[in-house]
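Everything on this sheet refers to the single structure shown next.
Labels run A, B and C following the written order; every chain starts at residue 1.
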Amino acid sequence: MTSQIFSHDVQQTLDLIGIFVFALSGGLLAVRKNMDIFGICVLAEATALGGGVMRDLLIGAVPPVAFTNMGYFVTPLVAGLVVFFLHPEVERINRSVQTLDALGLGLFCVTGTAKAHDYGLGSVPSIALGMLTAAGGGVIRDVLAQETPSLLRWDREIYAVPALVGATMVAILIATHHLTTLTATTAALTAFVLRMLALRYGWRAPRAWHRNGARVSEE
Amino acid sequence: MTSQIFSHDVQQTLDLIGIFVFALSGGLLAVRKNMDIFGICVLAEATALGGGVMRDLLIGAVPPVAFTNMGYFVTPLVAGLVVFFLHPEVERINRSVQTLDALGLGLFCVTGTAKAHDYGLGSVPSIALGMLTAAGGGVIRDVLAQETPSLLRWDREIYAVPALVGATMVAILIATHHLTTLTATTAALTAFVLRMLALRYGWRAPRAWHRNGARVSEE
Amino acid sequence: MTSQIFSHDVQQTLDLIGIFVFALSGGLLAVRKNMDIFGICVLAEATALGGGVMRDLLIGAVPPVAFTNMGYFVTPLVAGLVVFFLHPEVERINRSVQTLDALGLGLFCVTGTAKAHDYGLGSVPSIALGMLTAAGGGVIRDVLAQETPSLLRWDREIYAVPALVGATMVAILIATHHLTTLTATTAALTAFVLRMLALRYGWRAPRAWHRNGARVSEE
C-alpha cells in the first residue's frame, strides 16, 4: 500500500481541509448563480467529492470513500451552510480560499495518483486519475452551474499543469520506490507553488493559433 | 434484505409507473427544446433511469437493474413515443403529470434509500443515495438539454426537501427496525404530499441574502 | 467470448483509428470554443474514450480498458496535439474526418454491443450499450463544451439510427449464433454506409409536430 503516504490522522485532516475548500468554491458559484440553500449544498457536495467519486468508480473502489466516511460527506454540507450565511465574508477572503484551493489541488493530485496505483493501474493512467481527482469536481461544478468548465478555458490561470506536475512526480517516485511522506509532501507542495505562481503572474496556456483562412470563430 | 418492502409485483408496478412519468417529463422537455424523435427517447431514458443507474454504480450493483430488467428499459421508450405523438395532450394534463411525478419522487426516495442500505451503506449516505435516485434523473435531463438543473434553481418549488424527508424517514425506520410495507408507504406518501403542497402553495427555499457590499450579481 | 470478433491486432488497430478520429472531433470543437492546449487535450480524451468508459462502468468492467491499455490513452493526446498545431488543415479535410468518424461509429456500435453481451447483458441492453459506446463520447464532448448534444438536435444528420441498426444487427447475429468476422464487418459497414448516406443527403429525424394550441415554443 503506497497510498498510506501520511499517517491516517494526517491524511484524514488534509483530506477534510481540501474537501472543505473545494466545497466553498462550489457554494460560492451557487450563490453567484442565485441558487437556493439546497442548490448551494448540492453544488458544494458535487464540487468537493466529484473528483474522488469518479476516480473511485473508475478503479472499482465502490462504494466510494465519500459514501463510507461520514466526515467526507458532512464537511461539504458545513461548507455550504458557511457560504449560505457568510458568503460576503467568504468572497472577501477569496484570496485565502484560492490559496487553500491550491493546497487541495496539490494534495488530491498526489493522493489520487497514489490510490490509482494501489488499485493496479499503470503510471500514465494513475497520473490521469490523480489529475481527475484534483480537477474533476470543479468540472462537475461548472457543468451543473451551466458554465464552460474553467479547467478548459484559456482565459483562466492554468490548473491542469500544476496537477500534472504533482501527479507525474508521484508516479516517478512510485516507480523508483522513493515515495515517502517527505517526497510526497514535496510533490504536493510543488503543485501548490506552481498553482500559486500561476495565479500571481496570470500564467495561461497557449491556444491554437489562427492562421489565414482558418475557420475559427472568436466566441 | 430490507429493500423488499413491497411484494415483488407491487414494487415492479410502482417502479414502472414512476419510470413512466419521469420519462414523460424528459420527453416534454425534449419537445420544448425542439429535439427530434431520438432526442425525445434519449432524454426520456436518461430522465427515467439516470438516478437509479447512478445509485447502482455508486453502490456497486452492476450492471444496473435498468439494464437487466427489460421493462425498466422499454417503459421510457413507450413514454417517449407517447410524447412524440401526443405532446399537446400530455402538456394539457401537465397537472396530472406533476402529480404522478410527485408519486415517483416519493417512491424512489424510499426504495433508493432502502437499496443503498441493503448494500451496506450507513444512514446518511443511504439518504443521499435515496435523494439521488429520486432527483438525479432530472438533473441529467436538464444538463443534457442545456438548462440549469431545476433542482438547483431558487425559482422552482422545492423538490429536494420532500425527498430528504422521505429518505430520512426510511433511514430512521431501518435503524429502529420498523420498516414495513405500511411504514414505507407512509414515508413515500409524506414525500408525495410535501411535494404536492410545495406545488400548490409555491414553496421555495431561501437564497443566500445579499448584504451591502456583497459581490453577488443578479443573473 | 463473442467479442473476439476480429483478431487481436486487427481489433486494436481499428479501435485506435476510431479513437483517433473521435478525438479529432473533440479537439476541433475545443479550438472553435477557443480553449487552450489543455482544453483541447481534455476534450479529445473525453470524446474519444467517454463512450467506452461509460459502457465499461455500466457492465462492471473496471478499470475500463481505456485506463489499462496505454495506446487507448495516448492516442487522443496525439490527436489533440495534431489539432493544436494543424487545426486549419484538419478543418480542411473535415469531410475525411467525417468519413473516419462514421467508420468509428460503425466499429464501436458493433464492438460495444458484443462486449456488453459478453458481460451477460440481454439483447436490448446490449444494443443500448453499443449505441452508448458509439455516441456517448460525443455527448460528453458537447456537454463539456456547453453545446446542446448534436445527437439530440433535430437539425443534425441522424447519428443514432445508423448506430441502432448496426447494434441491432450484431444482437441478432449473436442470438442466432452467426456472429463472425465477416458478419460483424457487414454490420459495421452497414452503420457506416447509413451514416455516410445521412450526411450526403441530409437525412434528419422527425420532430414532434406542432398542432394548434400546442404550447411548444420554437427555440
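Points to keep in mind about this one:
Going forward, a residue touches a chain if its C-beta (ideal position, glycine included) is under 8 Å from a C-beta of that chain, and two chains touch if they have at least 3 such contacts.
No experiment lies behind these values; they were computed from the predicted model shown.
Residue numbering at the chain B/chain C interface overlaps only partly, since under half of the positions present are found in both copies.
Between the two copies, chain A and chain C, the Cα superposition rotates by 120°, quoted to the nearest 5.
One simple way to say how far apart two chains are is to compare their mean CA positions; for chain B and chain C this gives 29 Å.
Each of residues 57, 143, 146 in chain C touches at least two other chains.
Those residues of chain B that touch chain C in the shared complex are 30-40, 42-43, 53, 57, 62-64, 67-68, 70, 73-74, 83-85, 87-88, 91, 143-146.
Those residues of chain A whose C-beta lies close enough to touch chain C in the complex are 57-60, 119-122, 124-125, 128-129, 139, 143, 146-149, 151-154, 158, 160-161, 204-208, 211, 213-219.
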